[in-house]
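In the two complexes that follow, subunit A is the common piece, with subunit B as its partner first and subunit C second.
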Partner chain A sequence: MENGRISASQMALMMYPVVTGTGIIFIPSLTANAAGNDMWLSPVWAASAGWIAIFTALHLHRLNPNQTIIQYSERLLGKFLGKVVSLVLLFFYLVMNGGGVRIYSDFVTGSFFEETPTYIIVSSMMLLSAFAVRGGVEVIGRTAEMLTPIYILFLLLVFLLILPDLRPENALPMLENGFTPSLKGAYTPQSWFAEFFVIAFLIPYVKKEKTAARWGVISLIAVTLTFTATNLAVLFLLGEDVTAKLNYPLLDAIQYISIAEFLQHLESIVMAIWVAGAFVKFTVIQYAIVLGTAQVFELTDYKALVFPLSFLTVLFSFWGIVGEADSTYHSSTVFPLTSLIMQTLLPLGLLLISYFQKKTGLFPR
Partner chain B sequence: MKGIQVIGVTIVVILITLYEWPKLGKQQRKEKTAFVTCTGIVWVLAVILLFFPDMQGPSDWLSALFGPIGESIRK
Partner chain C sequence: MALQLRKMLQKGMSIAVLVPLLSMTFLLTGCWDRTELNDLAIVTAVAIDKAEGSGITLTLQFANPSQMGGQQGSEGGGGSGKKPTITKQAEGETIFEAMSFIQQQLSRNIFWGHNQALIIGKEVAKEGVQPYVDFFAHHPDPRLRSYVYVSEGKAAEVLRLLPQLEPSSGDIARELAKLKTGMSVTIKELLQMLNSDAGSAALPKVLPIFEENEKGGLQITGTAVFKNEKMIGSIDEEVTRGVLWLRDEIHLAAVKLSPDNTEGFISFNLIRSHTKLVPKIENGIWEMQVNIVAEDDIVENQTNLQLTDPQIIQQLEELLGEKVEERIYMALNDVQQELKTDILGFADAFHRKYPAEWDAVEDDWEEKFLEVKVTINSKVYIKRLGMSVAPQGVPKEEVKRTE
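Coming up: the complex of A and B.
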């Protein structure tokens, strides 16, 4: 089915934008709403979902070598139940990717291309990622290897340029009400960290699988630092009350940058780079959906499904989503729960069954 | 206007088919079935969405299922 191979570092570079892609837009205001001026601590708690996701994906792979979650869930749960669970998981990722593309296009039309119809932005993005998915996992890996470092570099540059305007006293009083607010704020971002479970689709195609754990953890730590730094920067610059009210706090923070009234309007460059990161995100998830669908139906090749399923993702980005209020409600209230079920509890259940199977020797292949 | 949009969606579906169909081998009957089913579903859904853009979608179903519990957890 998939003859391409990626390196573990490419996998890490693929996963970084998967989590930060849409998260960096939504997480600051969502955590500010729940955690107040302890919002910078929330990503650290939320990262535990990422640790669980990487741990379960790696152990499931160790117990079921060279198989993706679609293949081993069928082996562990039986043919019928396995297929049902796989289809529900793929449906979850389809809704997630459709919603993600919609968030991206609302963001782009809302702040830059005000006259462009949303469906043009959505379709062009999905067309591009469909071509990348059709190229296979190697193409996606190399695309990520090329784009993600630039993406990280520009984020660092932004933090550096914001530095003179920061007012750290905005974070005071620190931990006024104990750890509870920051833990509450972690409820939404945990679902983004749980997206690390997507590596369950990628590990079978990683060369030198033993390095996958190390690179997965490096990617997770990088994401945690990014979210913490973003939340700190936004909090120090705008304060908790303003951040909670804004839709895109980081964008407003970037617009704030003005070095000697010369270096201004950086948001357009940052936007261009961010689009590249979002592209990697949608491509990786789309790849998981297409590969998974081909494996559920036991096809020999996934390539023919790429364009129809990308078109379906475009439809899912409109179907039932009226505006940004819908997206925000879904991201803050529904998605954390569905993600907890599909990306954290379901894999843990599969891992338990897998251990049990190995210990007792029951349910052979 | 709707007519033009339906034609547009149909053209996209035809282009996808023209691009993918010759690449599928004679032996790949299952792949062909999967492709036709998938493309058919997408075309039907696209046309339905053109005429009823406010139809309840998957995110509405998930909101109905998990929204109340999600809201109580957030508090």
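Coming up: the complex of A and C.
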């Protein structure tokens, strides 16, 4: 079905924006609310969900070579149950991507294009990502290879330019109330890190599978550093109280940049780059959904599904989400739990069954 | 034949699809948020005053685009008689309400992105600034980097002033803030102060000085002190200097000394300084050690002292240190004993070093602050002597050295 192949490094570059794309908007404020001035520590704890996701995805692939999670869950759980689980997982990703596109578009309309209707932003983004998905995994991999480095470069530039305004003492006293607040702050970001499980859809198409583990880990470490650096930057600049009250602290931080009154008002450039990163994110998830659906229904080609499913994603970005309050509430209460079940516990369960099967040889291969 | 027909049909189809698709791009060029520069009324400064009834009077200062650019050469754009800035005023309960009334008087969209300064009228400051700062962190257009001032009289007066050197009074406000002769506070820093442990804030006070008609300049006249978002008093420029030393924000400081056994003064220019607050709690006594290291250059010498003499320099360094300490103690007395408000960052310093002890006094910090014992250790270095090493115009034999 998928004849394209990507390199492990392309996979890493695809995964980086998957996690940071929308996370970087929400995570600083959410973690500041829960963890106070230990907010920078929360992503480090939250990364454990990413480690688990990469570990399970890689081991599942080792035990079930050249198959995506849709294919091996059917083999491990039986045809009926396997298909049900696969559909539930795909439904989860559909809701997640719809919600993600909505977060993105609310951010764009809320801070820049105030009068542009949400559906324009949502559907133009989904149309573009549909074209990329139709191109297959190779096209997405190369797109990521081109866009993600620029994305990372601009983030680094932002951190560099904001440096003169940072006050590190805002982080003190550290661990005033022990580790509990920072662990609480990790509850929401863990769901973003768990998105690393999407590699379960990509590993079968990685050229040198052995390097997949290394590049997966590199990507995870890069994401952890990014979130920690982002949280540190907004904490050092704004302090915990102001950060917790702001909706998009990183945007405020970028707007605060002023070097010699010349290098300022950078947010529109940063925004353009950020949209590129968000595009990679939605495309990768959308690809997983489309490929997975085609595999569940055992189609010969997934191309016919691209546009209908992208349209469905657009619908999911509206269903049940009236406004930004719903998105924020969903991201901080419902999503962490469903993500824990679908992206952490379910794969761990499959891995257990897989091990059991290998040890006992009970189920036919 | 059939195959050829099909190919042609496909080609025709793709053209039939492509043409309308491409022609759509012509319709899609202007989207909802298209804004042209000449559709914008660019806000350079905002003033908030108390309205006669309830609510506030909002004054916005706009850049007059036809007068802004080409005035570098001509004096303040004076030739044409047009003003470089325009002010508009409206009343409302909220900033946005007042702003929408101003919008009704304008042919262009109000644009906040280049707002330089927020001037708060004294009366509004006394009633509390909190209701009015939210807008600047809430509405997507204003940026947190605008500088905040409290005006001596009506804030609108500051905006009405047409400056002589800068294009707008908003620009003067920004430049004054950057020179750091007084306090320099951005909206972001004000928000942080209002959220801080001490719950107090300090904002620079500004006074417009009209010289001819509407032309003139702005002057920083000290600092307005806020407790729980309400202005409760103010300190003058000299005390402000002491506060700036304590807050490690001192940037410009001209100090003059008159050493014993000589006549006249020596002037020093502060090059850099660093203040470190070291909180200490011993036997229940809260103490704040203020360690200051500063570097001064000599810029003027009215006395007959020979400056290349290391011993004389050493004496001057000691005298300078004492002078700095004296200034700070004076400021401390005003702030700690009279205003009884912690605008010095002591609360945060104690909280950072002694979180447990802080928790116990958090609610009574106002009283505890009065008991904090402050000791100042300063060390001033005179590193450069300036362009003259001995007093100019003094006969050689009268120049004084240590023996």
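Side notes on the structure shown:
The criterion applied here is as follows: the second predicted complex is superposed on the first by the 365 of 365 C-alpha atoms of A that agree within 3 Å, B and C clash if a C-alpha of one lies under 4 Å from a C-alpha of the other, contacts with A are read in each partner's own complex, and residues count from 1 in each chain.
Convention: a contact is a pair of C-beta atoms (placed from the backbone, for glycine too) under 8 Å apart; a residue touches a chain by one contact, two chains touch by 3 or more.
As the structure is a computational prediction, the values presented were derived from the model and not from experiment.
Partners subunit B and subunit C, brought together by superposition on subunit A, fit side by side with no clash.
In the superposition on chain A, A:F196 makes contact with neither subunit B nor subunit C. When the two structures are aligned on the shared chain, A:S111 is found in touch with subunit C, with no touch to subunit B. Touch criterion met: A:L246 reaches subunit C, while subunit B stays clear of it. Of the two partner chains placed around the shared chain by superposition, subunit C is the only one that A:L172 touches, whereas subunit B remains out of contact. Judged by the touch definition given at the top, the superposed model places A:L299 against subunit B, while subunit C stays out of reach.
Within the superposed three-chain model, A:W45 lies out of touch with both subunit B and subunit C [touch as defined at top]. Touch criterion not met for A:Y287: it reaches neither subunit B nor subunit C.
When the shared chain is aligned, no partner comes close enough to touch A:W274: not subunit B, not subunit C. Judged by the number of subunit A residues each one touches, B leads among subunit B and subunit C. In the superposed model, A:Q255 makes contact with subunit C only, not with subunit B. Smallest inter-chain Cα distance, subunit B versus subunit C, after superposition on the shared chain: 9 Å. Contacts of subunit A with subunit B, set against its contacts with subunit C after fitting on chain A, share not one residue.
Taken in their complex, subunit A has these residues touching subunit C: 110-117, 120, 169, 172-173, 176, 237-239, 241-242, 245-246, 252, 255-256, 258, 264-265.
Across the complex, subunit C meets subunit A through its residues 31-33, 113, 137, 140, 143-145, 188, 191-192, 195-196, 348, 351-353, 355.
Residue ranges on subunit A touching subunit B, taken from their complex, read 34, 91, 94-95, 98-99, 184, 187, 294, 297-301, 303-305, 307-309, 311-312, 315-316, 318-322, 326, 329-330, 332-334, 336-338.
Within the complex formed with subunit A, the residues of subunit B that make contact are 12-13, 16, 19-20, 23-24, 28, 30-32, 34-35, 38-39, 41-42, 45-46, 49, 53-63, 66-67, 69-71, 73-74.
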